[in-house]
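In the part that follows, the structures are each spelled out as structure tokens.
Okay, so subunit A shows up in both of these, paired with subunit B first and subunit C after.
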Partner chain A sequence: MATVEVKNLRKQYRNVVALDGVSLEARAGQMVTLLGPSGCGKSTTLRCLAGFLEPDGGDVRIDGESILSIPSNRRGFGVVFQNYALFPHMTVAENVGYGLKLRKCAKSEIHARVVEVLRLVRLTGLEDRLPREISGGQQQRVALARALVLKPRLLLLDEPLANLDARLRDEVRWLVRDLQQQSGITAFYVTHDQSEAMAISDMVAVMKAGRVAQFASPREIYQRPAERYVANFTGEANILTCRTAVPAGETRMRVGVGGADLEVDCAPAARTAGDVELLLRPEALRLAGPDDTAAFRGIVTKCAFLGASQHCEIELPDGNILKLAAPPNARVVPGESAGVVIDCTHAWAMPKVPA
Partner chain B sequence: MRRAARLQLLLGLPAVALIFVFMILPITNMVEMSFRTPGVTEPFGNDYTLMHYGRVLGDPYYWGALGRSLLVATTVTVLCLIVSYPVAWHLSKADGLKMVILYALIASPLMTGVLVRNFGWMIIAALNGPLNQSLLGLGLIDRPLRLLFTQGLVVLALVHVFMPFMVLPINNAIRNISPSLVEAAASMGASRSATFRDIVLPLSFPGIQAGVTLVFVLAIAAYVTPALLGGQMVTYMPTQIIAELTGTFRWPLGSTLAIGLSLTTLLVVAVFTLATWRLLDRVRA
Partner chain C sequence: MTAAATPFGDAPAARYGFGLLVVLLYVFLLAPLVTIVGASFTSGMLIEFPPRGFSLQWYGQFFQRDNLVAALLVSLRVGLITAVVTSIMAMMAALAGQAMAGKLGGWFQIGMVLPLLVPELLTGVGLLFFLYKIGLGRSLLGLQIGHILMSFPYAYVSISAALRQVPPSLGEASSSLGATGWQTFRLVTLPLVRPGLVMGAIFAFINSFDLYTMSLLLKPVGGTTLPLALFDFLTYEFKPTAAAAATLSILLALVGVALVQRLVGLQRAF
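Moving on to the complex of A and B:
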């Protein structure tokens, strides 16, 4: 088990800034996900951790000691690549046992450990196959086994599921999480898939243009995002520009939006921000029934039947549009007026940050 | 489907015709020639005989020429491989302008005509040539070395000209190795030399095999360079064949020698291919 501190990591290619001061930390045994669109610096960060890239500035410390001067082959980290990177000329067993062979382990020990780790990833019986003779999901599990068999101090996974189809992705995702938790290995996981990030991580770093926009638990990232960018990247979001916003108590604000006046929880930075935006996740909104007091009233502009629910869009008097899920049999007719009830415990005010 | 098949046939026809006219027919003709009796006033007689095969197989002189050819070709191939691999590695890592310049430099031996190139070597290697002058000037030797008309010079000149045929396929093979394989090996603890030994070298083998085959076949059949730089004292198979065909005008004997050389080459390439079959089968993508 290892704790990892990434401090103010910087990397520049010619005239493109890839990392603009990335700071993160992983406590022992944690799974930390780097989440963001392509080009945000998440893979670059991981490659710096692995030692494949040398950062221009900043530091990476494992259990308090800087590792930047250690070459990648002496770091003792397990790396799982998006394209699996299995050695095509070695069998499954040779791939998994390669690191042990380099460590001059006895043949019998290599065999025992390879068999054991292949059992963990449920690939028993495929020892003598070549990578090209097994499926993509199996290849990815070999890659995982190959990294785990060395009992690494740190496990680095670079979009390990991106090349798998949806069903396999789900299966391998849970396998990765289970194995990581069982072995207690600290892990960094790079992905652009927010549901993947939420499901398997202890902490998520949402990255934006070479910086960490927010580093927090999945729950906090989703429910209490620091800014619009984070909110949009972590799920369906209604983000309304507030007309007025005044602090109300330590962590709350009163905001005027869409013809309503609400008291909601807020990000600390929102209290001093010039402009404030209100985040309403679809689950914070409900179509008003006859007995409800609607917070908002607006005109239905769109309605699509999805089976288990209906997707509705309602335009408020101030031009903001609300997206929400209505019960499948509710009467929602485009062009008619509708009321919306807000669950203020799921509302969140955040500062408006220029994109 | 029928249309597609007909189109395929049509597209393949020029190549088939070319091979038939310029390869199958001449080889058939040569095989037939090798069984002809010797002629008295013409290059060949009208009857058929096995005597040339008996003569070639029984004469140590021809075995000597074949042995020398095999030795030179093998030496050239091995040296070419050793010299070319690092060049191919650098080429495979280069891009942009650097890559273009490297390609041009590597192909440069092929851009000079065969006679000009070999006369160049004669001038360089002459007793009072620039090579001896420089070595004398540097005080490395006391008297000029006899370099011209030696096997060493033949080997050097052949390595020089055949290097592109080794570099280019190996460069291609190394380029096809995903960089993440090298990174994966490093993450598992492999040093640079272990990564080279266990990953890069085996995976570049298809290029090595292509290069080795090309260079060996070209080297064993080389005529102009051994004829010009090898001198009159020793014979190689190709120079001997040409001597029989155009010097003594014994066409049947020359044909028999040519067939012997072809079969030997084929045998060596076949043995090499079979010996490395397993490795190649593993690394094919």
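Moving on to the complex of A and C:
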């Protein structure tokens, strides 16, 4: 159990600024996910934590003490790599027992702990196989066991599921989360898959070009994103440019958009921002029936039948386009007018930030 | 679709043509060896092929020639020391080369194989001057240094190729599990590059055993290596003793190859 603080971490490779002031923290036992597109600095952050890379500036503290001067082999962190990084010349048991052997544990103790951890990752019986004699999912579970058997203070996982197919990914993902929660180990998890990030983490850091764009719980990241970039990265989003926006109470604003005037929750920064954008997730929108009072009216520009629903695009009077799912049998005809009901509790105003 | 049996396709003509090509290639490669091995067993007085009758007398002759046997022993000793020293040096150099990033690493690589790129004669002459300057001219140690220099690139190429096959993440994984640099080298890197290391050592030995020009320039006073002694011998007498000596050398090389097979074959990881 450890508290981790990452403060203003900086790292530059010759001419690329990989980390431009990354700050995060993980409370004891939390799983913190670094989420972001390729090249945004997720691995670099993790490698600085692991001690494979020395940051140019900033600090990493565990329970209040800086660890930057401690070499990676004395940090006592477990690391799981995307390519598993199992030792190809050692059996599964030897791989898992490697760290214990280095710590000069007795043979019988090594054996007992290896057997125990292999049971946890459900690999009992594969002790004497070589890594190349087991499947990718099994290899990744060996890598996980190898890190966990040492009871690390901190677990670092860099896209551990990226090389697995969808079904295995699901299975190993829950295994990782279960083991992390059972053992109460603080963990950092790198991924560029937003659903993976939301499902297993306590906190998500959405990264953007070497910075943390937002650091919050999965719910907040999804429902109350700080800016368009975060909203787009965390799920399907309609983002409309507002024509007018005035603060209305502490955390609310009145926005004029698509020919309607709505009062919605807003990000604090939106109240003082020059331009404001309105986020409407799919669950905030519904095609208006004959008895509904539609908030928006527009012209249907596109409609595709998907089976369980229809995908529609509706152009609003101010040029904004709304994408929504309509019931499969609703009458939606391109070129005709349609109404949209919105649920303002799922609407969110955010400041417009230059990309 | 499966790959064609030959690079020229699957037609019978292509198959026979390709087979013929392979046979010719083997004849070309093996003819000198077969000739010399055959000639060593002759019961006649001259190196000739096909041999006349069969006898082992020339092997007896070889071992009675003290100067040839002495030269063989020098060659063996120099070759073994070369193999050991070269592979240790090459292992260290390969590790250093891997740690260097970008352009620097490329230049380092070229530097390490330089003895292959410069004519042996020039390297030898330069080294001879240098060795005289430091008081090692025409000494056994000087010869040894020359052999190590000329054999180093072979060991380096073999070992650094093996090292490139080891993903850097293995070293990081090992470190994160608590290993020091030396432990990682001993428990992870070394076992994985061992086939390349053994191969490099054997290349170095065979290369050293074969060196002529360098040995000619650096040979110690009163001592000589087998290739030099054989050449001297052949200048005065064209006897099958030389063929017997050559056959023994070939045998040695075969033992080397068998050793590689065995050691590399025993590696679980490859």
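We take it that the second predicted complex is superposed on the first by the 355 of 355 C-alpha atoms of A that agree within 3 Å, B and C clash if a C-alpha of one lies under 4 Å from a C-alpha of the other, contacts with A are read in each partner's own complex, and residues count from 1 in each chain.
Assume contacts are C-beta pairs under 8 Å (C-beta built on N, C-alpha and C of every residue); 3 or more make two chains touch, one makes a residue touch a chain.
Given the structure is predicted, the values throughout are model-derived calculations rather than measurements.
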item	value
Subunit C versus subunit B on the shared subunit A, clash or fit after superposition	clash
Contacts of A:Asn73 with subunit B and subunit C, given as first, second, both or neither	both
Which superposed partner A:Gly21 touches (first subunit B, second subunit C, both, neither)	neither
Contacts of A:Phe52 with subunit B and subunit C, given as first, second, both or neither	both
Subunit B versus subunit C as contact partner of A:Gly99, first or second or both or neither	both
First, second, both or neither for A:His89, with subunit B first and subunit C second	both
Shared contact residues on subunit A - subunit B and subunit C	50-52, 71-79, 81, 83, 85-89, 98-99, 102-103, 130, 146-147, 150
Touching residues (chain side subunit B, partner subunit A) in the complex	178, 180-181, 183-191, 194, 198-199, 202-203, 279, 282-283, 285
Of subunit C, residues touching subunit A in the complex	167, 169-170, 172-180, 183, 187-188, 191-192, 267-269
Subunit B-facing residues of subunit A, complex	50-52, 71-79, 81, 83, 85-89, 98-99, 102-103, 130, 132, 146-147, 150, 156
Complex interface listing, subunit A residues touching subunit C	50-52, 71-79, 81, 83, 85-89, 98-99, 102-103, 130, 143, 146-147, 150
